[in-house]
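There are two complexes below, and they share chain A, which is joined by chain B in the first and by chain C in the second.
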Partner chain A sequence: MTEVKKLVEKEVLMNGTQAVAHAAMYADVDVVAAYPIRPYTEVMDTISKLIADGELDAEFIVAEGEHGQFETVKHASLAGARTLVGSSGVGWLYGMEAIVVTATDRAPVVAIIGNRALDDPGAYGVEHNDALMVRDVGWLLVWVDTAQEAFDTTLIAYRVAEDQRVLLPLGISMDGGFLTHSEQIVRLPPKELVKNFLPPYNRGKYLVHPDNPITVAPQVNEDWVMEIRRQHEEAMERARGVIVEAYEEFKKVFGRYPGSTNELQMPENPFVEPYMIDDAEVVLIGMGTVSKPMKVAIKNMRRQGYKVGMLRIRWFRPFPTQDVIKYLANSRVVCVVDRDYSMGSPNRGGVVYHEIRSSLYDLDQRPRVINFIGGLGGREITIQDVEKITKIGYEHRDTPITKPVYWVGVRGDPW
Partner chain B sequence: MVEKEIEEKVYKSIIKTIKDTPLEEFYTSGHRTCQGCESALVMRFLAKAAGQRTIVIGATGCMYVANTTYYSTSWIVPWVHTQLGGSGAAALGTAAALRALMRKGKIKQEPINVIAFCGDLGCADMGLSGVSNAMTYDYNLLIVLYDNESSANTDIQETSMTPYGAQTSFSRPGKQRRIMKKRWKKSVVPMIIAGHRNIRYAATMTPAYPLDSINKIRKALAIGGPTFIHSLDPCPKGWDYDPRFSHELGVLAAETGLWPLYEYIDGEIVYNEPTKSIVEGRMKRKPVKEYLEKQGRFSHFTEEDIEHVQRMVDEMYDEWEIPGVMPIKSLNVKISDK
Partner chain C sequence: MGVKDEVKYVEIVYRGIFQKRLAKYIAEGIVYTAREMGRPALSFGRYGDSPERNGVPAKYYVGIGNGVNEEDLIGYSTRVEPDLVDAIIVLDDTLLKGVESWAWQGVQPINLKLKNNGTMLVTSTKRINELLKMIPKKDFNWTLGVINTEPSFSGLWAFKDDLTMEKVWGGLAKLRPDIIDLDHLIKYVSKKQDANKRISAVKEAYSSVDYRSVMKGEGIDFVYNPPRLLTWQEMLEGTVIPAVPRGKRNELFKRGTTKFERPTVDFDTCIKCKLCWIYCPDECFDETPDGYYDIAYDYCVGCGICADVCPVKDCIVMVDESMFADYRRPYEMWKENKAKYKEWLKNVRQARKERVYVPGLGR
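Our next item is the complex of A and B:
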C-alpha cells in the first residue's frame, strides 16, 4: 500500500471504448483483430492510434468480417498471444460460429461488446440481446456501467479469463451510446502497478507451438462430448472464485475497488452492485447504464417515503445466484428492467427476468417479481419511467401480481 | 536481387529425386481416410515438406473428420481445427501471434511454418473472403486448397469446384434435365495471383506427381509471405472409380489439359510436368473422354456432353492469353494516342 501512494494515478476524460482500449494497452495485448460496426468501433480506433504512436506493441489485423475477426483472435490466443476483439449487434452474430467455438476451444479471448439492437429495421441503439446470444455457450459475461468500470474490468477480464483454472473467453458488455460514447473522468493507475496485478498469459500444456505438438479440437462424437461439456461447465463454476480473488487483488494492488473513483464509496460485491438495498421493500434490477436513472429515481422516491433500492447485475455469466438471493430474500417486490426481450418465453418476458425468477424459486418466502421491458433500440429509460416502475412494484407489496410483464413507454400501450 | 534470393532460398530447398525426400513423417497412422484417398497424400506431403517446425491448421471438411478423431491424431506437428470458413483468418491469427510473441521476446525467435488447409467448400466457397484477406497481409503463411471437387464429408454435394456435369447428391441427372451442374469450375489460383499483388508464390498441383507436389510446398514456404496452393485430389468415393486408379486419374487430369499444372513465382508463370510439354507443343493433349469415362460421376454423359467439355478445354489452350491459366482471351488491344 505504501508503494501505491508514491505512484500517482492520472485522471483523464475518456469514453467507455477509449477506456477499454487504454486498459488493453496496459495489459500489453499481442494481437488485436478489428472489423468496424458501431458503437463498439472506437475501441479499435483508439487501439490503432495507440499502436501507431508506439504506446502499444501489438499486431493489428483488420479482418474481412466478424467471422474472420473472431477466428483470428481464437487462433492467436491458442498460440499464446493475449488478444483483444469486439463487436456489436448483428456483427457479433455474424461471427457467432467462431465465437461459440472460441469457448469450446477454451481460448481466453477478451471481447468488447458495444451493445446494439439486432438491426432490422436498421436500429443501432443499445439493446442487450446481442451479448446475451452467448449466455448458454460458455462465455463469461460482465456488464459495466461507467468508463472507470470499463477500464478496471478489462484488466480484471484478462486475469480471470487467462487463469489456468478458467481459460474461457470473456465478453465485456457496455451500453451502446450511453457508455461507449459518453465521456467521463477515468483514473488511470500507474502502468508499473499493472504488472503486479496481471501475470503474463501462460497457456501451459495447452499452448500450440512446435515444441508442444498437441492436436486441438479433434472431432468428437457421442463418446466424449458430454465429458468435454462438463469440464467446460466446471471451469465456468471455478470462475466465481477466481473473480472474487481478482477483485480483492485489484483492491490490494491499486488501493481502490474496481469501478470506484472514490475510495470512500467502495462497493463490496464483485458480482452485483447493491444500492440502498438494506431496508428496501421494492428492489429494482437492471444491467448497465440503466442504474443511472435508477439511482436518481431511488433518491427521489426515498424522499417521498418509498423504501426502494437497486441491485445492478454486473456479472451475468456465471450468474450470481447466491448474491441475488442474499440481497433479494428480504424484499417484497422485485422489478426487473430488461433491455432485451425473449420472444415467446414463459410470461413473455425478458432474459434477466427469467434468470432472477429462476434464482429465487427455491426460497420459501419468495418476493414477487415483475418484469419491465424498456429502453429497446436505444430508447432512454427516464427517471420518470423508473419512478412509475417503482410505484407499480410498490402497489404489489401485499397484493398478487396481475400483470407480470410491462412494456415501458410504448406508444398506444398504457402501462 | 529477387532472382538471387530465390536462387539461394528456394532452389536450395528443392528435392531433386524421390530418393532425396526426408524419411521423417509428420502425418502418420491413426487416420481413417478412404482407400485411395489422394487428399490424405496431400496432408502427408505437406507435413513431410514442411518438417517439424510447423503449425498446421485444418478447416472442417473430410480431412478434419477423417484425420482427427478424438483420442487419436495422425499429426506429429501441432494441429488446430478451424471452422469451415476460417482457414484464412486462423492462419493470420497464428502467424500474427508468432510474430508478436517473437518480437516481444515472449517466445524464441525462429522460423515456424504456418499452414492452413481447407477443402473446396471451405476455401473456394465459404472461406474465400478470409483466404483473400490473408493474402493481403505479409505474414508467412501457406494456404492449401485440397480440392476433391465436392463436399466429400457430407456425402458428396456440389460445390463451385465440382466440374461441369458431374453427379453429386445436389446435382443428380433426372428425367427432364441430364446436366444439373452447368457452372464451370472456378479458377482459384488465377484469382488469387491476379488480385493480390504482394503474393509471390502460388501453384496448382496434384499428388499424382509427388516430387512436384512436395517441391511446390517447399518453394511456397521458402519464398514466404502469403502463399497459396490448389491441389486436385481424385476421390474414389465422390468420383466413383476403383481406388487403385487414383494416381492414374490425377495423371489423366493433367494430360488431358483439364488440370493444368503450373506455378506462379514473382510475376511469372512456370508450367510443370505434362502441362509444360503441352504448352510448349511437345506433347498433344489426350482427349478428355479418356478421363471422363473412367469415373462414375460422368456416366450419364452423352457424346455431346463430352464434346462440350472438350471444346471448353481446347479453348483454354488455344484462345486464352495465358494457356490453361487466365480465362481471358487475347484481344490484341492497340493503345491509341487519341
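Our next item is the complex of A and C:
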C-alpha cells in the first residue's frame, strides 16, 4: 500500500469532466475542438483554462457547430495529432455524419460523451441513448462511473484507440449530472509516469503527410464497401486484446488498477466490474453511475440474506460477451437496468437488456433475464429502487417471467 | 433504511449565475476541511437546477462520510438531492421566502429538507428575529445562525474574493463542529494564498456569528403542497402541454423566487404608455380597468427591464426584495389607500441598496 501511495502525486477534488480534461493534459493532446452543450461543456472549459494557464500546449479550436467540431478532429487525427472532442445529447447527434466517417476513416479520435437525454423535451439529465447511437458504426465505447475512473480511462483510451492494430475512435461515456457535475477526490499520478504508459501517437503508413502521399476516403461505391466493413470489424475484435494489454500496463506503471484508489480494491477485469457475484443467485446489471447505489443496496440486501451481486458493463463496444457468459452462467435471475430504451424492440426493452439476452442465448442453462427501464432524463435510481429491483428478481428464481420489462418509477405504472 | 447518520449533508442555497462560483467554492472548502479531519467527502450541484440562469434559486451539496468509506459515500450521494440535510447555508436572505429551483415542483420552504436539530446559516445584515418572520416553522427545534454580511455576488464569469467563503466556513465551524471544526478549517485555509487575512476572517466569523436555538413551532406558516404531476396516461402525447387560457397564468410555474429585487410602481406619475406591459419578458403586467398596469409579483423575475423602459423618472423603481414579506399586488394596495401607498413607496425606496453591477441584470 505504501508503495502505491508514492505513485499518487496529489489528490484533487474534481468532477468527471475536469478529470477527463486533466487526463487529456497529461496525455499532451495536440488538437481540441469544442462546441458547447451541457453537460459535456466543462471538459472544454477546463481544457481552455489549462491552455490559458500555460499548462498545456494545444490548438483549441472553437467550431461553428458539432459537425464542424468532429470534422476538425477527424482531419487533425489523420494528420497525426492526438485529439480530444466531445458532446452530449442532441449535439452529439448533430455531428453524426462526421462522427460516422471518423470511424470508417479509422481516426482514433477520443470523444467525451456527457450522456444526456435526447430532446424533446429539453432535459440536461443522463440517458444513454445519445452514446448508443454509435453502437453499430464502429466506435469503441466505454462507460465510467467515478471521476477517478474517468481520469484513468482517458489515458487508457488514447493507448487503445491509437494502437496500430486498432485505429478506431473511442467514446468515453459518463452520466450527465451524477458524474459530469459531481466532485470527487481524484488521485493524480506523477506526470512523468504517463510517458511510460502512453507512447506518442504514430499512424505509421496511414499518416496523411507530404512525405507519405496517401488519400483517405475516396469515392468507392459497391466495389470496396464490404471489404472495408470487414476490416473494420476485425479491428474492433483486435481491440479486445489491446484493451487487456492496456489495463495490464496501466497497473504496472501506476501501481494500481484503473479506476481504483489507494483504499478501493477493484476486481481486475477491464470489460466488466463484477461485485459480490461469486455466489449470487440474482445479478444486477447496469452501466455508469447506477452501479454506485447498486453496491450500497447489494450490501444492505446481503445483510438481509439475499444472495445478490452486480455486473457493471464497462466496455460496451466491443461487447464483453465471454465475460457476461462467464459471470452470469451460474446465476438464476439477471436484472438489467437500462438507462436507455429501444422503442419497438423484440421484447419492448432496453438496449443493454437485448445485448445481454443475446449473449446468453446459446447457453444450455440460461438464467432468466428481466429488464428495468429507469433513470431516464436524469431521474434518480435510488438505493430503495435497487432493493425493489432485487426483490422482483428474487421472486423469479423459481417462477417463469410473466412481465419481462418494468419501467422504474414512471408515473402511471405500478412500481 | 439508508443514510441515517452515516453521511452528513450540507445544502448551499444560492442564486444561479450570480453566486454559482461562490457556492461551489464554499462546498469545496467544506470537502477539503472534512478530509483534513480524516473523513471522505464530496460535493455535487443539484443538477436539474438552472445554476446558469439569472437569479434562479439553485443548490449545491456537500456529503461527508461519518464512518462510511468513500465508495459508499458516492453510492449514497448519486442523487439529484439528498432526502434530508444536516445544515443549510443560505447565501442571500431574500431566498428565505421560499425557493422554486426548477419548474413543476412549486415554491418550497427554505428549510424543507432540514434534519431534526439541524442548523441553518444565513448571510444577512438582518437580525435573527427579523429573519424568522420569513422562515417557515418546523415541528422540532433547530438552530439559526446569521453571518453579518451583505450577500456576495460572485458568479459564473467573475469571482469576487471578498472573504465570504471564509466567513461562512467560520460560522459553520462554530455551529457545527461535527461537520467541520475550527482547527482543521484553519489548517486548510493556511494552505491558500493570503492565508493570514483568510484565517482572520474565519476566526472573526467564528467568534461573531449570531445564533440561537429556534423552538418547535417558531416561525411562519408555510404549507408546501407539491403539485401533482400527470401520469403518462394523462399527459398529452408528443411533448405537448395545453396553453394557459388568456388572462390566466401557469399555476405550476411561478418564477417569482428568482428575484432579489422587485419593481415598485408610482401609479400617481404613470402616463399609461403601456411600455412596461409590452416589454416585460415574463408578462407580469396586467391592464387594470382604469388603464394602469398592475404587477403579478409571484411571476416577476426581477429582471429590471420594466424599470429601464418606463419613460417617467422614478415611476418604476427596483427595490430590494428583502423589503417584502409577500407577493401582494401593488395596484391593489394603491387603490386601497393612495396616501398610505405613497408613504410606503417612499419607505421601501429609501431603503434601496446599491448593488454591485452584475452583467446580465438588465441595468
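Note that in this section the second predicted complex is superposed on the first by the 404 of 415 C-alpha atoms of A that agree within 3 Å, B and C clash if a C-alpha of one lies under 4 Å from a C-alpha of the other, contacts with A are read in each partner's own complex, and residues count from 1 in each chain.
Please note the rule applied: a contact is a pair of C-beta atoms (placed from the backbone, for glycine too) under 8 Å apart; a residue touches a chain by one contact, two chains touch by 3 or more.
Because the structure is predicted, anything quoted here is derived from the model rather than measured.
**Q** Between chain B (first) and chain C (second), which, if any, makes contact with A:344: first, second, both or neither?
**A** After superposing on A, A:344 lies clear of both chain B and chain C.
**Q** Counting only touches as set out at the top, which of chain B and chain C does A:218 meet: first, second, both, neither?
**A** first
**Q** Once the shared chain is lined up, is A:400 touching chain B (first), chain C (second), both, or neither of them?
**A** Neither chain B nor chain C is touched by A:400.
**Q** Which holds for A:54: it touches chain B only (first), chain C only (second), both, or neither?
**A** In the superposition, A:54 contacts neither chain B nor chain C.
**Q** Sort out for me which residues of chain A touch chain C in the complex.
**A** 13, 15, 39, 120-121, 124-125, 146, 176-178, 181-185, 261, 263-264, 289-290, 292-296, 299-300, 378-380, 382-384, 410-413
**Q** Enumerate the contact residues on chain C facing chain A in the complex.
**A** For chain C paired with chain A, touching residues are 1-2, 27-28, 31-32, 35, 40-45, 47-48, 69-72, 74-80, 229-234, 239.
**Q** What residues of chain B sit close enough to touch chain A in their complex?
**A** These residues of chain B touch chain A: 52-55, 57, 64-65, 68-73, 75-83, 85-86, 88-94, 96-101, 103-104, 106-107, 112, 129-130, 132-133, 137.
**Q** Provide the residue numbers of chain A that touch chain B in the complex, in ascending order.
**A** It comes out as residues 28, 30-31, 33, 57-59, 61, 63-65, 67-81, 97-98, 101, 105, 200, 208-210, 212-221, 223-224.
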